[in-house]
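Right, I'll just put the structure down here and ask away after.
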């Protein structure tokens, strides 16, 4: 197994009394694909917010490889190699699909270093590859606003792939997708395996089975179980926690 | 538009032409008429006053045309809208002077708009007739100033307040721009000269209509007279707040330099009864010329309740001064008009007026009126004859020692005057 | 001292009565109605006209003005604003055009001046509103002379605030409106006639402007451009108070009013105004959501 | 090189050629008038840059225009004959005399408490530079605070609105320094060697036309750079941009500052064309009017916004000078504003774009960029 890509150490947040996430510790290794499981309100998205700097943690620390990224600004965290996909897909809706990806492919991030025309061949090629990968090559000229929901999801994935972060947080990448779309998404994600360390929040067990190797189960803001599918599915606490929502199917 | 059909048609076409191609406007000049520019705000905040100046000007032109015009030619008004904005004023002035090549323009109410058009008239040597009382400190050979300057509103006012009313402690209040500040300056000189004193010199944003705090201050100041240089729509709010806070003009009169029939009518006379204003013209001036003037004006604007006021009166008679100047000089050219207008006299609704040959300002008769319940002023004190206009009175300018001369403001004297105040 | 506090209170009440309508149209409906100030102007002119032509008294003008401006507001909503929901800054531009139109309509006496007619009470000039004798003066509390007219404004402003609160929080209509504020789509899904509710709310907000107009007409100057500065003040109050929070608007107007009053008393009105702008900027920078905010549209 | 883009380039070329050749057919007055409108066109560009591309609707652009104007006007005021003949060693603006305390020393350093601030402006180039520098710095400072705090949409608008009114108030109130409400009038002319930029001269016109052409092309190229693309991305979804590692406030501040600089240049040019500066440049109505120009021309198109500004002003001039409309032209303008917002949400440029698209083959890359959803307003 590789080095620790993402390390959470007693991470937690306290919204004036209400502990949405508390004392979460886990180590995600380089190249691993980790699924984050949990009922609504279990704190999955909050946990992602804490890791990606959207919400400030009140306890614990976050390490990206050796680097301490606890409570840094989003763009700093992003630059140090962490990408995030949102539950509600967010892309640049007034730009064409290709331009969306080109923006993500900017070789530098600063204003002044970007005061130049065009993109290096490397980024352009990368963009074309990714267009193929996410299957939007034919819609490259389309304005993102006109894409279907599924396509928008893939475009956002594409942005992340172009951004090429070490660690990728995916918040319900299949939310609201048809079975077919879900399949395709699964293919895309599987294609990312190995190249990126992935953390995926998911409800859809079919999809989880499709991709998961290691699963962490959150309940009421705390980790109650961690292991492979079989381990999780037979975990008493998990069963109990899920009785309300009818257990895992 | 309230201009007669002929002018309407002609200038209407002219204007339309200006739209299509600027150069087409020439014929309007070639025609057997004398064109003059009329430039007041017909839109925007200032139109509340300037519309009436506009009407008075057009009325004078209509009258002149009715009585045979100037040198046998009909006078044709080219009307533009200053839109209460110096930018527009500047642009329209350029149009009238350069595009329409008009040698003479009547216009402006505020100093700000006059200052904005001045460069055009001076660089292009055209004449501007300016009908409003103003702060002085200007000596342009391209402007004929027919309104009052500070010495014509204050020279008798302050002494009269102190001696006749027996009020010695002044609270000076004004709108925050140059005219009220200059009036205040001249007031202070006169107050001290006449053995009075002032306890405050306060200003309020132009167009500001919230007087609660200021009137509180007046109450607390221990003054026994308020000298108001407040202009425009703020005036109404001021007088109303004054009474609403229980102050009465019998005990603590407001003595104003700008409050005119317009504001009195708007606020309701009950708020102003027994307050005073100093102006060279009031509706109440008891002259046959004035009586018929008021009637003619009301008929002209089709409003039986319309009021006349100082600036309006000037806007009216300055057209006649221009007429006389043209007829004397036998030419409408700017230089001819400038020379022709020097020393011109006219029997205005406000009595005799005369353009001072030296500084192109106008001799006017200072009057003090006490406002009555019917919204009219009762003239309680006045000069028997017009007095000399001294635009630089603030610098101690006197008839014998003029700072503004036909060759412009005399810098050396200016410096001397300032040094003298050391 | 009492004088100063009272002045501050009065200033606050004036801001309040102007901002109240905006709190509905902007706060609740996400429409920046730049014509609001000119609806105040229309309210003031309604007072003038109803005095001249209907011989109505000052107070009788209040309901008339409310109805007139509410109708105009309804027209604005039906003809223009309804096409612009969700386009906040476009509503600003369109209603700016409306503002110009209203001013010109009054100035040109609804076109009559073209035909050389004059309608008394309209036109470019200043207008007069006569105020009942008993309101021109003061009464005394604790040795301080209190301005009757301003007291009247304070009372009316608070009354209408209370009325608005009741409408918003104690009636089914209000509940529907608040539902729309929070989530129009959801509200529509729940069978609320969003279209109709918007129209009603906009009309009500405009009506409040009319009431403000009547109150202004009695102690400020009535002329076609009187509205513009008012809308700015009202708008600042609503934003500072917190979009969509009635209480925020109340608090903000009170706060800004007192600041204005105190600063004006210790220094002068010009500085007071400058300070107000400064405070507004500071509050928005450090608390962009306003003093008392919740998520609106 | 798609046809869509070819047409766009042609449009720019045509417009620039037009404004450069205009003097050949225009009379003296129209040269001066159009010069003023070209300056307004520059404001259109500035607004479009911050509103259309950065999604920041600035309701206080007049602040930058006004400051630019005053900086330039201060220099030209000192250059005016009246100031030169002030009968003292240093030139002194006439208004300072009647704002001077009795007995004050009659030198620029100390005639009034604050007059020393004018001293460096004796060099016209100082005024020129400050006219661009000061607005840029203010914008940068503001951006650093406002955008760092992630204030956006209408709140930025309100801050700018309050700020411009605040500055206006202070300028009017500080009469000894600024001549208050009357503004700075009776100015000299900017002079470079033998060339005197008299406000009616062709030289001044060409200076303005050139400045407009440059800022138009410059701005257009700027939004074509990677940074420009990122800026539009930020406008669409600041959060996504952040998570891609872009320092969003940097981009917003940079383009906000550029827009301010253009407005500053417009201000200094206007002073040279109209030869006066006035606090009314900072009236709320003027700042809103600029935005309307941009909206009419097309908030998404620099050229459109520019032409929109010029067009509306020509329209206003034409109507207000048609005697029949002299009192009602404003009402018509009001109707136009409403109509455009309702029926041409993307302004004239949007209309043109659609027509061109209909004519040419659909959706080239450029088209995809220019084809933007109507309800863009930073709200």
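A, B, C and D label the chains in the order they appear, each numbered from 1.
We take it that a contact is a pair of C-beta atoms (placed from the backbone, for glycine too) under 8 Å apart; a residue touches a chain by one contact, two chains touch by 3 or more.
Because the structure is a prediction, the values reported are computed rather than measured.
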What is the touch distance from subunit A to subunit C, in steps?
2
Distance-maximising chain from subunit D - centres being C-alpha averages
A
Indicate, using Cα centroids, the chain positioned nearest the centre of all protein chains shown.
D
Roughly how far is subunit A from subunit D, centre to centre by C-alpha average, rounded to an integer in Å?
44
Please tell me the distance, in whole Å, between the geometric centres of subunit A and subunit B computed from their C-alpha atoms.
74
Measure off the straight-line distance from the CA centroid of subunit B to the CA centroid of subunit C, and report it in whole Å.
35
Chain centre separation (subunit C, subunit D; CA means) in Å:
32
Hunt down the residues of subunit C that sit against at least two other chains at once, touch-wise.
104, 107, 113-114, 270, 273
Touching two or more other chains, which residues of subunit B qualify?
1, 42-43, 176, 203, 205
Output every touching chain pair, sorted by label.
A-D, B-C, B-D, C-D
Can you tell me which positions in subunit C touch subunit B when the two form their complex?
3-4, 7, 10-11, 14, 104, 107, 113-114, 116-118, 120, 123-131, 133, 135-138, 145, 147-150, 218-226, 229, 261, 264-265, 268-270, 272-273
Which positions of subunit D touch subunit A when the two form their complex?
221-222, 224-227, 229-230, 232-233, 235-237, 239-248, 250-251, 254, 363-365, 368-369, 371-373, 376
Name, in rising order, each residue of subunit B that touches subunit C in their complex.
1-2, 42-45, 47-48, 51-52, 176, 202-205, 207-210, 212-214, 216-217, 219-220, 233-237, 240-241, 243-246, 262-263, 265-268, 270-271, 301-303, 305
With touch defined as at the start, can you tell me which subunit D residues reach subunit C in the complex?
57, 145-146, 149-151, 153-155, 157-159, 161-163, 165-166, 169-170, 173, 284-285, 288, 291-292, 295, 327-328, 330-331, 333-338, 341-342, 345, 374-375, 377-379
Footprint of subunit D on subunit C - complex, ascending:
32, 34, 80, 83-84, 86-90, 92-94, 96-101, 103-105, 107-108, 113-114, 228, 232, 235-236, 239, 270, 273-274, 277-278, 280-281, 284-286, 288
